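By letter and in written order, the chains are A, B, C and D; residue numbering begins at 1 in each of them.
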Amino acid sequence: MQTESRIKVRYAETDQMGVVHHSNYPIWFEVGRTDFFISAGLSYADMEALGIMLPLYEISCQFKSPAKYGDEVIIITKLDKITPVRICFSYEIIRAPDRKQLATGKTMHAWTDTALKPLNAKKLIPREFALLTQSIE
Amino acid sequence: MQTESRIKVRYAETDQMGVVHHSNYPIWFEVGRTDFFISAGLSYADMEALGIMLPLYEISCQFKSPAKYGDEVIIITKLDKITPVRICFSYEIIRAPDRKQLATGKTMHAWTDTALKPLNAKKLIPREFALLTQSIE
Amino acid sequence: MQTESRIKVRYAETDQMGVVHHSNYPIWFEVGRTDFFISAGLSYADMEALGIMLPLYEISCQFKSPAKYGDEVIIITKLDKITPVRICFSYEIIRAPDRKQLATGKTMHAWTDTALKPLNAKKLIPREFALLTQSIE
Amino acid sequence: MQTESRIKVRYAETDQMGVVHHSNYPIWFEVGRTDFFISAGLSYADMEALGIMLPLYEISCQFKSPAKYGDEVIIITKLDKITPVRICFSYEIIRAPDRKQLATGKTMHAWTDTALKPLNAKKLIPREFALLTQSIE
């Protein structure tokens, strides 16, 4: 299972190099992650309402070719790994018209409560945890 | 009473026009406001700990000359008006070396609780309210 | 003539008050402006390729009700005024499902060259200038 | 050789989790990098004036403990590696009062011209290249 999210590059996302500033890619990954959770029947907003947070503990990103103002880009999001305490995603950013790869990345998250203390997702949201686990297989 | 906050323009704040993107000025105003509250003996963080929020209901900004990457700029913050339900600030952004004016602006805020419902600041924080009121005179 | 642009609120656009930080509204206005120019047959990217810039000299925004993470919002963009040296837009941000008004705003821009010196848009891009002028009437 | 850059966490940098949004750390790393180049006698702005760019091709960041609004943080920047075509930095984000480590990271850059084509820094800026190389030893 993977989701595709489509966005258009905003002027404010560019920098004086004339291309998208790299700090926007983590934000785009998050857009992809939001859509992934929704398509897995479990919105990120719903989780927060349940007191479940998913803070990042690691991110990496490889930049292959710059995105530019006005480009339509697609964020492809895949669930890499899920355990009762962790969840890891991988991403690919491609340019919509020619599907040229612009960037790849990974994010690693902990399941925590609102005080950012670890919690066990398998026990807390067993149905959703099972759904997400199935989405890898 | 007025405060001066000094910041250095970040690369990420530029856009492909080669100057600071205008969406950063509201953020700089907020940096100035943060320092203003601290120098008035009432930090913004302390207020939030007391359950007091200051959401904006209006902002305006006039851009006179562009700020550029690496520029050292000063945010001058003044309290314009304070009532039990409202607080208004004005700002001036100047370039540090020559004190050239780059932008001016105003923000208008409501005193609210964490649910963003109006509250009466004069009753809730009388000592700090008096201090702020004196800072105009 | 007016355009409607649809976006989904990003997690990164929220702040610790639990709502969208106000500095994002100027960015959303710009998203609306981008779409307006495209629907007027004159993309912003094309203008920049011609060496025409549209730096802001004034912005104002009124916040009525907060946008929240996950909200689908619509940016309604209208051309308010156009002269050979200036162009002014007004915006309305509404929540998609119930069309509740969240914010309104205005931006005022100068037509300039890449060195941010004023230029005469009516002379430089007469066909597009006429098109934009007609879009008000 | 390493540099220390001091910044104060901005309200706009927080998200609804109540801590700094992770997309700000790449921006903070860049603040550190800017200061590193200045202390090495070669400002980033000067390099761009010479037509030399340093686009990222890879970034990674590990988040240890969240930064919060109002925190004073220090960005420690070190040059990890320099070759005629690449330059790599590592960073540590610590909280100023107690020097608690909040995050670590790395960025990898290519030396390019303004069209983002690779160039040979050792040939183009031999004096500065030698200076930077010495700063590792």
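As a working rule, contacts are C-beta pairs under 8 Å (C-beta built on N, C-alpha and C of every residue); 3 or more make two chains touch, one makes a residue touch a chain.
Source: prediction; values computed, not measured.
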| remark: More contacting C-beta pairs: A-B or A-D? The answer is A-D
| task | Compare the CA centroid of chain C with every other chain's and tell me the farthest one. | result | D
| Computed distance of Cα centres, chain C from chain A, in Å | 28
| said: Quick check: how many Å separate the C-alpha centres of chain A and chain B? | reply: 33
| task | Round to the nearest whole Å and give the separation of the Cα centres of chain A and chain D. | result | 24
| message | Going by the contact rule already set, what residues in chain C reach two or more other chains? | response | 11-12, 16-17, 19, 23, 26-27, 30, 69
| task | Name, in rising order, each residue of chain A that touches chain D in their complex. | result | 16-17, 19, 22-24, 26-27, 30, 48, 53, 55-64, 66, 116
| task | Would you mind writing out the residues of chain D in touch with chain B in their complex? | result | 8, 10-12, 26-27, 30-31, 34, 43-45, 69-70
| request: Provide the residue numbers of chain C that touch chain D in the complex, in ascending order. | output: 11-12, 14-19, 21, 23, 69
